[in-house]
Structures are given as structure tokens and as C-alpha cells.
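What follows is chain A paired twice: with chain B in the first complex and chain C in the second.
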Partner chain A sequence: MAVRPTQLRRALLQSPSRLRQTAPNTIQHPELQHLLSAAPSAFSSACPFSSTITTRTQNTPDYAVPNPSRPTHFGFQTVTEAEKVERVATVFTSVAESYDRMNDLMSFGWHRIWKDYFVTSLNPGFSPLTSGLDPRAPQHILDIAGGTGDIAFRMLQTAHVVNGNPDVRVTISDINPAMLTVGKQRSTLLPASQQAALSFVEANAEDLTRTAPLSPPGTRTPAPTSTIPDASVDLYTVAFGIRNFSNIPAALREAYRVLKPGGVFACLEFSKADAHPLLNTLYKEWSFRAIPLIGQLVAGDRDSYQYLVESIEKFPSQAEFRDMIVDAGFVVGGQGYEDLTGGVAAIHKGMKPRV
Partner chain B sequence: MPSPPAASRSAGAAAAVARRILHPSSLLPPGTTSLKPCLRAATTTTTHAHTTTPRHHLPASLPIPTRTSSRPYHSYSHPPPPGPFTPTESLLLAAAYRHVPTHGFSASALALGARDAGYLDISPTIVPDGVFSLVQWHLVTQREALAARSVALFGDGQKGPNVVASRVEALAWERLLGNAEVVWQWQEALAIMAQPSYVPASVKELAMLADEIWFLAGDVAVDPTWYTKRASLSAIYAAAELFMTNDRSLGFRDTQEFLRRRLQEASEMGNVARSVREWLSFTASAGINVLRSKGVQI
Partner chain C sequence: MGVAIRRSVGLAGLAGRSAHTLRPCIAIASLPSPLNQQYSAPSRPPPNYPGHVPLNRLEKAALAIGSGLMSLRDPRRGDLIAAFAEATATPYFIYRLQDAMLASPTGRRILRDRPRITSTSLNLPYLRALAPNTVGRTYIDWLDREGVSPDTRAAVRYIDDAECAYVMQRYRECHDFYHALTGLPVVREGEVALKAFEFANTLLPMTGLSVFAAATLKAPERRRFVGTYLPWAVRNGLRAREVINVYWEEELETDVDELRRRLGVEAPPDLRAIRKAEREERRRKAAEGGV
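Here is the complex of A and B:
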């Protein structure tokens, strides 16, 4: 965390010139086109997500409402949204233990630097100096798909230690109890004050009205007991998680719902290095040839690693994903995203406007 | 302004840099000059848009603080000016800018502005370049406000070669006064602009300012002096801006004097540039003749 933002910026940013344009509010992503044309009739009243419907605004487009039987992709395969949830769960239950090694392999260790930069650039817990009694304002950070705690722990470090603001709490939410359990174990190494500011909940990012406390390993996930209220979150983060979601538009709308006006959606995800053909070719060669093989050798699990590589390939481009964020109601600054390491990863940010 | 870093350090260095900048421009092939009108066309569109908007009824000689603080651009309730900012950025930056005189070009100013606008401490994180964007906000709004100042100063009076030089000085001085309200924060702003990743954008903004000043002053010459004029004005302006951060004289009179002297020197230097150019073209054609004599097809 000792890395200065300017240094990181220099090291990470490949294209300093920005296309300072407002995001066009058009959807070009083929997947979205596909989703837009999906028949609404496939959505039956017996759907397990029906409880959410009441909380969604009436003008939510059909493609942003989870539909268990709608087709989506799982890597290069086409599956239903419900099947994808199951299969992603299997992948992450399987890789939970080898997760750190996996991340190092897939990013050549860069993911640590990307995560540092992501958190530093968000500067959680920062409050201006004012003449008031306590200049520091409390913040609630929701780390979605927070799995093993990588982002949440950095957030606490920056907020509590660097910015001296103990009034920042972080909720780690993940659909997968195996990943959360690893995170919970790792959190025991944190200072007590930071542990006290953390909470762990199981939830599908597409429906944050149904959350459950983390269940002990081996037990069944308890029925959802609570909800993340509307307009209750200052900062919503999702790092290397969103490409695994079955219905990304639905997740973006949930992010919008739980954020306060002025709250920020921030996403760190593998992206497209298309602007740098050589880097792109090298990275694709590496990921498609080497990663599944190494996955087999290191974790004895070729298929899970094959999926992770394919899911990166299937994820929309920087501009397409920015358009999806804008479509969900967010406003952006600049071009709405920032490339890291030539676009191998990218940070997208959006703010919930006051209406 | 970090552009020619040496230029910012001292006045003498500024002249030296200006002289160095003069050289390459005189080496440009004749075809290159055709770029100029296109470049000008791009900037004039916004300029004309400004001169036609009736948002400047300010007399030319108000006391400095009143004038700068009452400039309509700086109100965040005002529709955002055109520029490189998205509407949301404009909203956050305009609100933050009101805190710059007390809090500097800082994260605190950004957060306080966000609070004023009804947003959160975390909201300004979507502004792509953070505090540098806040500096850019100052640079862009001040540059764009010059068109209105120009009308207030000169009206639509006739332009000619003998008035251009005095107008350049008057406009550069107007622009310097635009820094008066944030002058205590300006060294900090220069440090932000000097960060390597921000230098290209800062230099570009300085070049756009020089271009705007020459244009508003009524300079219509499209000839090889186009580059030298802009380069030397950039260097002089940058040096004067730095000088101003240490100027304690009443109404920044010393800065005004500094600016006048440097512009005077540069106009004398223009003659130097012309002779340098003549020498270069002579040498170049002589070189070509030598090559031809050796059988090279040129």
C-alpha cells in the first residue's frame, strides 16, 4: 500500500489521452442485443426471484430482470442463467483454496498492483478537513463478490490507517460460502478494530434483497434473513467478479438501488488489450494455452481454469461495459473507465446521480 | 505552467527557451503551414460561441477580487461551459472550485464541493484525474472567459498590425489576473501539472491559451511566424505566471511590468528569428546543391 498513486499511474496507464466524451446511451454489446430479444414469456410467476420484482422499478428493462431459464454464457458454452449460477459455484468452491495462486498465474502477479491502485484511487474513508466537530464522515463500503477479502482488507487499511477514519465499515458479500470462509479465516490476521468493522454475508449480486449471514463450512446456507436497503451504501466495489454473474444488467441495477445518491460503483475486471496487438496476442496465447495446463498441474482442475480464461474472453469490451453501466442509470466522468497494463484489466466507475 | 520547465524558473531562461523553440519552426517544410487554418478553425468555433453569449456585462476595470469571483462561469448553478468535461465532472469541479482559494487544488476541495452539491465525500473519485482535473477546470474556464474579456476591453473595434501587440499584452495580463484569486495555491497547481503523466495535457492547454490570445488580439497572419509567436508567448506567459506567485506588489504591478519587458524583448527577438531562418534556408539549399553535385536525385 506504500505505492504512490502517481507512480502507479505512470506504471499502469498506457493511454494518457482520454476520449473525454459522455458515454453514448446505446447498447451495442451482442450479448445485450441477444438478451433484449429474449422472450419475456419465459419469465413465469413461479420464479424464485419473484420477490425482487416488487422492489424493481417499473421501467426496468426485461433483460435486467433475472430469469433462470434465459440463455447466457458460461465460458464458451451457452447455458441458462440458473445453470450458470450452479456452475460458477462449482468453479469457485473448487478453486477457493488455490485462489491466490490462480490470480497470480492469470495476471503474472499484476493483480496485486491493480488491486492496490484500485483501492488507492478510490481513497476510501477520505474526508475533507473542516472546522466542524468531527470532520470525518462515516462510510459504508459493500464489496461484492468479495470472496477472499483482497479488496475489503485493502479498503480497511486505507480508510482506518492511511485516512485515520475508523468510521468506515465494509460488508463482504459473495454468493459462495467456500470463498467467504477463506476470507473470514484470513481476516483473523487483521487488527481487532478492523475485524470489528467487517461483516460477511452470502448473497447473489443480482438480488441483494435476500442476504444471509455466512454459514459455517459444511452446513446448508440458511434462508435469506435480511436485505441490503435502498440508498444505504457509499461505495460498491466488485473486483474480478462481475464477469461470473449470470445477469450483469440486473447486478448493475441492484448496485444502483443500494447506493446512496452520489455513491460510487467501482469495478476492477480483466478486459481487452485490443489497442496493443502484441500485448494482446501474448496475453491470449498465455491464457488459452498455459493457464488451463497450469491449473491442472497446480490445482488438479483443468476445467475451472479453462472457464476462467474463457469468461475473460466473453466479457464485453471497456466501452460496451461502460455503456451497460450508463444504461443502469449511472453517470460517468471522462470516458468512464481507465485501462491498466494496456487494457489487460480495466477500472470502470459510475456515480448514482441525484434525481 | 510546466511546459518548458526551464522557462518557469527565471525570466532569462524563458527567453532562452523561446529562442530554442524558434528554431524548429523555421525548419518546417512550407506545406506544414497549411495546418494552421485547420487548427484555428477548431478553436474559433467555441470562441465565437462565447462572444455571442450575453453573459458578460462586466466593466473592464473592476477591482480584481470582485471581478474574478463574480465571473458567471464559476457558479456551479450555471450551465457547464463547453470543454473536455462531462456534465457530471463539470458539476463536481465547478462546486469544488469554489473551495480552491481556501483549500487549494486538493482532495479536500473536491470533497467539500461534492458536499455542497449534495453528494458524498466519495463522489469525486469518478473525476478521472482528480486534483489535476480541478487544475484543468481553472485553466479551461479562464481561457474560455478571455473571449468575453476581449470584447469588454476592445469592443469590436478595428484590428491592425499596430494594435495586435498591445492587445496581446492586455489579454495576457487579463489572463494572469484570472489567477489572482488562487495565486496562493498556484505553486501547488504547478507542481501537480509537472507530474509526468499530466505534462502533455498541461502543455497542450498552454498552447491553446497562446493561440487564443493571438486570435483574440486580431492576429490573422498565416505565415511561418505563426509558430514562433505562439511558442514565445507560451514561454513568456508561463514565466510571468510563476513570477506572479512570488509577487507581493500592489495589484501585481511587478508582474505586469515583467510581462511587458518580456514581450518587448521577444518582439526584438523576432528579428533575430528572421535572420536565423534566412541563414538556415540558405544553408539547406546550399546543402542540397552539394548533394546534387554528387549525383543525388533531389
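Here is the complex of A and C:
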């Protein structure tokens, strides 16, 4: 089916020239200055997973092709896509050790409820379209930006234990080795059968053709040696990660590529609570005043948490993100998203069409 | 069934459709782009200097309480001690210190020149080559003995006035010089004693409140603190001239005893030597007891 350009796509195609007129980068803190001083080409050679692909298929629009010098946002600042990769890497390497404790402090433990609900609603391990009476078919789950493993561990618990389906394997992919290392350490507490079904890879979600197994801590990431093939994943999940990507449309198209027809894309992410003004005001005050303060006290890093709350602010609304998912080729049901806690978080789901 | 499947539709499909598909105007107007920022985030006043984070009173109070409690629990969190100093310095105390600097000719010169103390601004090999009893040599000997570097000081972020922020930064960077001047080591006992001296001299609340960390010292250390070092600190801090006004970069070749005399500071008993003697005494007793 030939897809004609939507209004959204036309507007996005117009945006690069407008963005070139934006103000130069504003540095919030002098210590972060050095991150912006290197040229983009230096970044792409330093980071093995920076995207240097300039063309994809003929149908891929420009904005969905990663371009290291295209402007994007890093919190409230304007940076290029290559710079954003580096700065996000710094943020998450810095917060990796205290990531789980900070999540509990920032959301009063409520992130656990969201993640439980997310996984339960996806019900991994249960394949109702399997021929025959037994709904337990092999499944491959890809958890993107899954660093510390919260979603992956819940997937394994639901699939192996609750649904009694041992043929479910989970690949945790993250661009940041520090986060993956924390996840690997936590995974040692899992039962052996679940650990055997788990694998850790370092990859940039915008280009899953270049993946590498997790490098030991303290060593440099090796050059990518493996790939995630087309149509090899039954369930692609990304929880609280996609807002940190430099190019979300590119990541959505990679998701489309790796999913099997009939496979499900599911995203749990912070979203807009505008529908409830009082809750929204309290939420924003908490986000912008208390969370950087807690980051300073607990993790000794105010700037990373300031970036995290700003990135929540910059992430598109529920409907806009749904439109981006649809634009990437997925089909969605109903509204395409489900609000959690009044819109503070939202689950977006899409399916790769079978035809 | 009432299940609506949404697919990507062409422009032609936009006419005569349900309310759930794309609405072009809103799609453009709410682009996730830096140009179209519809902030609903609380706004802060603009920063007065690079790195400045203007906090409101509630945030400052929360930072003061949080950093105070957490640095009491873990005094190795220098960044929290620094934040505690900044959060408690206003309304009155940092302005008093700024006035003390403005009242002295040397202080005024420091405020005009705004020198910074880092391992690059000080020529460390040159300091090592100085004569033994000079300020500079005492300082570098102290740095080497304690294994610290001048670069470990966090930048000031929470003080609103730019000049007062520099005053706080100067105090923070001169802290190691105060160690060298008094000879107190970086162990908890030494730090608490120095903080007591600094409180008596600069009147910054963080220094005074840090003296409560003496409660976390071991009993013999606490006795020594209360008996010897606290009286020394109060006596010398009160009678000495403002140490914030010392232009350290110009005093590097001065004889350290002459500087102490000029400032009105007497050196306290050598804490490292006392602790070492006590450790050896304990070891000797343990060896004797074992025999």
C-alpha cells in the first residue's frame, strides 16, 4: 500500500531549516562544556554505536535517518544528535550505580507498579494464536534501553513462572555499558533457568544491525560484531528509555524492522498529565524542584537529574507519540495509548501488520 | 465491534473522518522541537553566573536540611558539605564575610583580582622548591603528606550574588591553606578542630554546625577535642585577623611563623604526632599484654 505523506511528516520535513536558526548552544554548567567542544566526527569515531548511516530504504523519510549533525534537544538545550549520544552516555554512566535507588526515591516506589502493570498487560509467554490447545510458543523478547533489567526480569518471571513457558528468551540491549553491568550484577540473583534465558548486548537502538555482547567493566566497548536480524523479535519493549534517544523516528523504524509480522511494540514512558491540572502542577513542582535536589543529595549529581526531568518535559504528548508510532508503520488499537497515574506515565502499543 | 484500528492515512483520507485520526494543525503546532517549547515547567530566574542555580526559600531550606543530615552521616561527601555551606550562608553570614573583605585593603584587592586556587594556577613544583619554613612549602608539604590536591573543591552554585559566590569559592579554596597554617591533618578530628577555628573567625554557619560532628568522634578523640583543640580554636579564631583577607598567592614566600604572628594565630599541638604516639602506645600495650 503506497503511503502518501501525512501532514505530520510534511511538517517534520520542513523543520530542519527552521531549526538551523535557533540560538547557539547554551551551556548550563561549565563542567559540561568539554562535552560540546569536540567535533561531531570525533564523537562518531569514539563511540562504536553512533549512527553513521545516511540512507536507509527509499521509503524512509529524512527525519527518520540518523544524522549526527542534525539539531535535537538535550533537555532544554539544543545540541546535535551526535552530541546528544555522548551527553546521554555521561548522564547514565554517572547515575548507573544509584539508578534503582533514585527511581524509588523520585517516584516513591510507584515506578514498580507501572512496570508490573506494563509487563502483566503484555503477558509474555502466552501466545493465543498458536495452533493447538497449548498457548505456549517460543518467544524472543527484545528489551531496549533495558539497562538495569527491571522490565526483563519481570518478563522472565511472568513467562517462565506465571505462564509456565520456558521457551521465552529475553535480550537486554542498552547503549550504555555501565547500566548493563548493573543489570548483569542484579541478574545473578535470578534462578539459573532465567539467567540462561537472558542475554546482554550493547547497541544503539537506532541501528540494531550493529550489536556487541556486554564488555567487561573497565574495558572499552568492542567493535560491533553481531546483529539483530529482520523479523526476529516477537515483543519489543522500551521502558523509560526512548525519550533519551537522539532520533526517535529512526528507533521506531528499527523496531519495525526487527519485529516479526504480528509482533508487538510496547513503550512505557513519561507523558503529559495536562488533563489533570492540579496533579500536573504538583507533579511539575516535584519534578523540577525536588528531583534535582534528591539527585544532589543521594547521587551527588544535580545536573543529570535536571536533564532527566527536562527530557520528560520535551518528550511528545501521548497523541503525538502515537502518531509517530503509526508513522513508522505500526497499527494501533483504539487511542493507541493508555494513561497511567493521570498521564504521568503512558503505555503506547503498536503491532507490526501481518500483511 | 467497537475496536478502531488506526493506520497511517494519506491526506485524501483526512476529509470526513472520525475525531480520532490526525488533526493537522495540532500536529504541527505541537512538534517536539526546540522552537516550539510549550513549557509548563516551573521557571527559575536567570542565572547570575555560569553554573548558578537560583533556588527559592523552600528549596534552599530543603537543601540545607538534607545536605546537613547526609554530610553528618557521611563526612566524605564533600559536595554535600559545600552545598550545606551555600544553603546556610544567606541571609546574613556571607554578606558579613563579604563586608569583612571589603573593609580590608587586601580583601578589596582579592575581590577585584578574583584569583582562583587550582593545581594549574599555583605552580606546584615551584612551591616544592621553596625554603622549608615558607608558607608555600608548608602548604605543598601538607598537601603531599595528606595526599590531597587543590582541585577537589566544588564550584559554588547556590549563592545568588556573584561577588558573594566568589567569596564562598575563595573561602573553600583557601581551606587547605588554613590546614597548612594550623598544621591540622585531614582526619575527622583535625577537620572538626579546623571548622571550629573557621567558625570563630569567619562566622559561616556550616563551619559552626560542623562542630557537631564531634559527636561522631571516638571517646578519646572527643576528650582531646573538648579539652585542647576547641579552646584553641575559639581563642585563636576570635583574636586572629580575618583569614579570608590573606592574599595567599602573595604570601607563598613569607615565613610561616611570621605570618602566624601577623595574623595572631598560634599553632596547635601537632595532632598527627599525638595520634601516632597514641597508636604506638596502644600497640606496645597490646604486645606487652600478649606476652
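Following the convention adopted for this analysis, the second predicted complex is superposed on the first by the 290 of 355 C-alpha atoms of A that agree within 3 Å, B and C clash if a C-alpha of one lies under 4 Å from a C-alpha of the other, contacts with A are read in each partner's own complex, and residues count from 1 in each chain.
Definition applied: a contact is a pair of C-beta atoms (placed from the backbone, for glycine too) under 8 Å apart; a residue touches a chain by one contact, two chains touch by 3 or more.
Because the structure is a prediction, the values reported are computed rather than measured.
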Partner chain in contact with A:I242 - chain B first, chain C second, else both or neither: neither
Partner chain in contact with A:L340 - chain B first, chain C second, else both or neither: neither
First, second, both or neither for A:V332, with chain B first and chain C second: both
Partner chain in contact with A:A137 - chain B first, chain C second, else both or neither: first
Partner chain(s) touched by A:T78 [first = chain B, second = chain C, both, neither]: second
Chain A: partner with more touched residues, chain B or chain C: C
Which of chain B and chain C A:S127 touches, first, second, both or neither: first
Doubly contacted residues of chain A, that is, touched by chain B and again by chain C: 6, 18, 22, 331-335, 353
Touching residues on chain A, where the partner in the complex is chain B: 6, 9-10, 13, 16-18, 20-22, 121-124, 126-130, 137, 139, 234-235, 260-264, 266, 331-335, 338, 349-351, 353-354
Residues on chain C engaged by chain A in the complex (per definition of touch): 3-12, 14, 20, 22, 24, 26-28, 30-35, 37, 39-42, 50-51, 53, 56, 58-59, 62-63, 66-67, 70, 77, 79-80, 83, 155, 157
Touching residues on chain A, where the partner in the complex is chain C: 3-8, 11-12, 15, 18-19, 22, 27-31, 71, 73, 76, 78, 274, 280, 284-285, 287-290, 293, 296-297, 300, 302, 309-310, 313-317, 319-320, 322-323, 326-327, 329, 331-336, 353
Residue numbers on chain B that touch chain A, as the complex places them: 84-89, 92, 103, 107-109, 111-112, 114-115, 118-123, 125-129, 133, 195-197, 200-201
